[in-house]
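Listed next: structures, encoded as structure tokens.
One chain, chain A, appears in both complexes that follow, with chain B as partner in the first and chain C in the second.
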Partner chain A sequence: MKYSYYPGCTLRTKAKALDVYARESARLLGFELEEIENWQCCGGVYPLGNDEIATKLSSVRALNEAKEKGQELVTLCSACHHVIKRVNDDMRNVEDIRQRANNYMQLSEPYAGETNVLHYLEVLRDRVGFEAIKEKVVNPLKGKKIGAYYGCLLLRPGRIMAFDNPENPTIMEEFIRAIGAEPVIYPYRNECCGGYISLKEKELACSMCEKIMDSAAGFGADLLITACPLCLYNLNAGGNGRLPVVYFTELLAEALGVKKEAGNQ
Partner chain B sequence: MNREKKQAELITEISGVNPLKCMKCGKCSASCPSFEEMDIKPHQFVSYVANENIEALVNSKSLWKCLSCFACVERCPRDVKPGKLIDAARQLVIRQRGQEYLSPDEIPALLDPELPQQLLVSAFRRYRR
Partner chain C sequence: MQRIGVFVCHCGSNIAATVDVKKVVEMAALEPGVVHAEDYQYMCSEAGQSLIAKAIQEKQLTGLVVCSCSPRMHETTFRKAAERAGLNPYMVEIANIREHCSWIHKDMEEATRKAVILARAAIAKVNLNTPLQPGESRVTKRALVIGGGIAGIQTALDIADAGYEVDIVEKTPSIGGRMSQLDKTFPTLDCSACILTPKMVEAAAHERIRIYTYSEVEKVSGFVGDFTVDIRKKARSVDMDKCTGCGVCQEKCPSKKTPSEFNRGLNNRSAIYTPFAQAIPNVPVIDREHCIKFQTGKCGVCAKVCQAGAIDYEQKDEIVTEKYGAIVVATGFDTIKLDQYDEYAYSQSKDVITSLELERIMNAAGPTKGHLERLSDGKPPKEMVFIQCVGSRCADERGKSYCSKICCMYTAKHAMLIRDKYPDVNVTVFYIDVRTPGKNFDEFYRRAVEQYGVNYIKGQVGKVIPQPDGKLLVQGVDLLDNRRIMKEADMVVLATAIEPNPDVRKIATMLTASIDTNNFLTEAHAKLRPVESPTAGIFLSGVCQGPKDIPETVAQAGAAAVKAIGLLAKEKLTTNPCTAKSDELLCNGCSVCANVCPYGAITYEERQVNDHGIREVRRLAVVNSALCQGCGACTVACPSGAMDLQGFSNRQIIAEVDAICR
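For the complex of A and B:
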């Protein structure tokens, strides 16, 4: 199975690990991530103003590219996923935005939200299946107690993201079970890490990250997993270092026995 | 039409939020991770717009404390979307010349080797035009 793939700016720079482990694991699991050509940065945060059009166009370009190839569009970074999924919802359901964006784009055929956007975790759950992944695990992470850190962007607003139950998600815990480890459910797993506030107000982000770390450690987690480079940065920089934080794809590659191959890339 | 009335209309237009739908249950403020940092709380934002009390709103430090985590949007039983309202007020400020909250000149001092590009683009988008 071949998917269009949107890596995003940080996966080419500071978050290379998130990307390489995902690609290598995909190969083993039998699907291919075909990077869309000339993708542009999504902007990191979804432009909330109803009159924001130009700031949404990089997402529309990526979405349309996938549409032209007849492929679903896979994302990996939580922020890219959030932005592209919400812009797609606008293009599908908000006539004013659809019309004005298409006026800018001048495509041979207007884009109206036809592409299906999937986060990599959704590919694992809904296309590959966690049972099938379990069968391919050669190095189960037995005895590891892992806390899933969801953060905000994958889950909310639930009506649009349609990723999982926004208050009581299970997808990352199912993932943790599939790779042979034990999920730790803790209260702060879908609380905000502070996001972009850590640029100018480190202490505020720190206080949030400390609560998350303490909550996860208190419930017995040995480490945290995330899909978001900014969550990883904030938790590591401000989270009092109680727990290591890694990308979920790194553990996937480890369990599938392809971590070394990915590391050589 | 006075200036604040115009600004209130602009905020409703940009956000698409109807502040009159709010039933003041306070769930948004109860959910907000920045609640303690805010001088005007999320549930109060709605009344400030409804009452056209915009000067206070655009000068509030709350504009720069919102994390766009969408907890308020998710939990609002009336679908009022306080987070979108706060963003519209922020837009009103940063769309004016010289009113941005982040300048490129500040960046070098804020960088560290681990800082992800995502943080810079996100902050630039929320804090300036």
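For the complex of A and C:
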């Protein structure tokens, strides 16, 4: 199975690990991530101004390219996923934005939200299947107690993201079970890490991250996983260091026995 | 040729503000058959009706068109007025220029054009109307009450006391309903069981009340005054006549791991059980799904210990068919499921409970014997937080748009009872608004605040966060103080929205009674006929019609009983003459009409016909006008055009359409 893939800027710089482990694992699991050409930064934040379309165009270009190839579009970074998914929803449902974006783009055929956007985790759950992953695990992470940290961008707004139950998600816990570890459910797993506020009010972000870490550690986690480079940064920089934080793809590669190959890249 | 009079109503400004009524009169007067047209401010008033009567006599009118509100509102009024003036009531047609026109349009010119068209259609129809004569049908002097909660019990008692036979059909093993699960009742704080059980006993002992528990309505046919109902008596596996209610079987039953429905799953019951100690009848049932004997064949302990020999594993479901003149729906409510509200951690912590669960905890016969304690560790709480409007007054699709109406009062009750019995427990209530209209209600709430020191915070809760040490952190806002609140609690109680019992959909379909988008049964008129369904002979009692507390439920139950009694007291009912009729010369006996008839009103007979001189015996459809409800399904299905509905003939409908398209 071949998917269009949108990595995003951070996965080329700070978050290389998120990307390389994902690609290597995909190869082993039998699906291909075909990077779209000339992708541009998603903007990092979903533009709320609905009288402004320039900030939405990068997403539209990526979405349209996937459409032209007849592929689903896979993302990995929570922020990119959030932006692209919401812009896609706009293109599908908001007449005004759709019309103005298309007027600007001058595509051979107008884009109207036809592309299906999938997060890598959704590919694992809905296309590959966690049961199938379980069978391919050669190095089960037995005895590891892992707290899934969802953050907010993957889950909300729930109706548009349609990723999981925003108040009681299960996809990452299922993932943790699939790679042989034990999920730790803690109430702060879907709370915000502070996001970009860490640039302006570092202390506020720190206090939010500390709460997340304390809660996870309190319920017995000895490791946190995330899909978001910014969450990872904030938790590491602003948390109290009680728990290590890694990308979920790293553990996936480790469980599938391809961590070394990926590391060599 | 008809002589038609057209009467255009202003309805105060309801119609006249949006529709140019003079213009409607002017245009209507030009239509074929119209010999008189006028407008008046309130056509339904005494004076308006006199205008109509006067015109009928002076102009020798043979048909009327009243351009006014919905026929559901005043068709009967105008038909009666016409009848008094010597005109056949079925020569009256209503053009609905209020609900279908003035109320939904803003532009006067457009609305007037539409009103003229609607009038034209009605005039075209009246031109083809023929006088119809209603028939008569009998009334079976027995009522059926569906649901054995306080609503059903009260309705049954009132009907029976008036001298009529009543049957109660209750789905669970005992009557009593939700009220039997409650501990104390607001605003008097008297014990729920103490006021309910005497009524249960009275109903059970009443010579004119028959109670079918563990039974469900399976099929309903017939119509007002003459319903035929199949009741499924589910196999109890216990002989009602032999059982003495000693309770030994329940004690000895080895299967004791089924969550108790009565205690909201907070503890377990045996497979053979009565829901609660005061159950009526005091005869247990075997829950076959959880019974070891039924599942594996090996057990039979209850049969061995039963001195009376009442256990009967061979018992089968039984269908009882009964006739009724009136049916009262009293199917009640349940609390909503909370899977859409995971932010309150109901599924994650045992110490987050619903208010109904708290009723069971507070009840001396409940799972904790009336001791207030945390279900996780059995410790007494020190801090309790109540969250109101969980799923009620909800702006999105997760919950209910309506106010559940009872929660503000029972939350005040819970808070007060806890502060009274455990003065060292702090109680905080988060609310959107406190709504306490009702006799002595606001005084009751103020007592909770002023006398018992309950801490009321205006604001909603965003999240309940279970802590590693077992405490709950409640994250909310105080809107009056404009600040975020983090409050540690030992227990959180959710005032969960109520919704109609899910079975009501099935029952409403059987009764052809309408329900709204929230599954509440619809009244015939929101203000003037609040306890009747639009379907004749069906009455509404209790929360199945809308959220209400016990006093309101009892009042409505009595009102529903009075309406049912009013029906049962009649010897004969006049029937609607707008029934189907088959033209024997066109009918080819194909049976299509009989197959689509929902009332079983069409049969076939072999009869000789004279078809333009040819005499032969043919198979022909015959409509039983007593059973026909005039739905028109057969007229649409009939391939040869033989079936026609009197008062709504194919010609009349086509004439209306032609008039609209003209």
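By definition in this document, the second predicted complex is superposed on the first by the 265 of 265 C-alpha atoms of A that agree within 3 Å, B and C clash if a C-alpha of one lies under 4 Å from a C-alpha of the other, contacts with A are read in each partner's own complex, and residues count from 1 in each chain.
Definition applied: a residue touches a chain if its C-beta (ideal position, glycine included) is under 8 Å from a C-beta of that chain, and two chains touch if they have at least 3 such contacts.
Computed from a prediction, not measured in an experiment: that's the story for all the values here.
Colleague: May I ask you to decide whether A:49 touches chain B, chain C, both, or neither, giving the answer as first, second, both or neither?
Modeller: Only chain B is touched by A:49; chain C is not.
Colleague: Is A:185 in contact with chain B, with chain C, with both, or with neither (first, second, both, neither)?
Modeller: In the superposition, A:185 touches chain C alone.
Colleague: If we overlay the two complexes on their shared chain A, which of chain B and chain C does A:168 touch? Say first, second, both or neither.
Modeller: So A:168 only meets chain C here.
Colleague: Taking the superposition as given, does A:227 touch the first partner, chain B, the second, chain C, both, or neither?
Modeller: In the superposition, A:227 contacts neither chain B nor chain C.
Colleague: Per the contact definition in the header, classify A:15: touching chain B only (first), chain C only (second), both, or neither.
Modeller: In the superposition, A:15 touches chain B alone.
Colleague: So, A:152: does it touch chain B (first), chain C (second), both, or neither?
Modeller: After superposition on chain A, A:152 lies in contact with chain B alone.
Colleague: Which partner, once the models are overlaid, touches more of chain A's residues, chain C or chain B?
Modeller: Touching more of chain A: B.
Colleague: Kindly classify A:66 by the partners it touches after superposition: chain B alone (first), chain C alone (second), both, or neither?
Modeller: So A:66 meets neither chain B nor chain C here.
Colleague: In the overlay, answer first, second, both or neither for which of chain B and chain C A:218 touches.
Modeller: second
Colleague: Do any residues of chain A touch both chain B and chain C, and if so, which are they?
Modeller: 167
Colleague: Once bound in the complex, which stretches of chain B touch chain A?
Modeller: Residues 13-16, 33-34, 37, 64-65, 67-71, 73-74, 83-84, 87-88, 91, 101-102, 106, 110, 112, 114-123, 125-127 of chain B touch chain A in their complex.
Colleague: Which stretch or stretches of chain A touch chain C in the complex?
Modeller: Those residues of chain A that touch chain C are 165, 167-168, 185, 187-188, 215, 218-220.
Colleague: What residues of chain C sit close enough to touch chain A in their complex?
Modeller: Chain C reaches chain A through residues 341-343, 345, 347-348, 463, 465-469, 473.
Colleague: Quick check: in the complex, which residue numbers of chain A touch chain B?
Modeller: Chain A residues touching chain B: 8-10, 13-15, 41, 43-51, 55, 77, 79, 152, 155-158, 166-167, 191-192, 194-200, 204, 208, 229-230, 232-233, 236-237.
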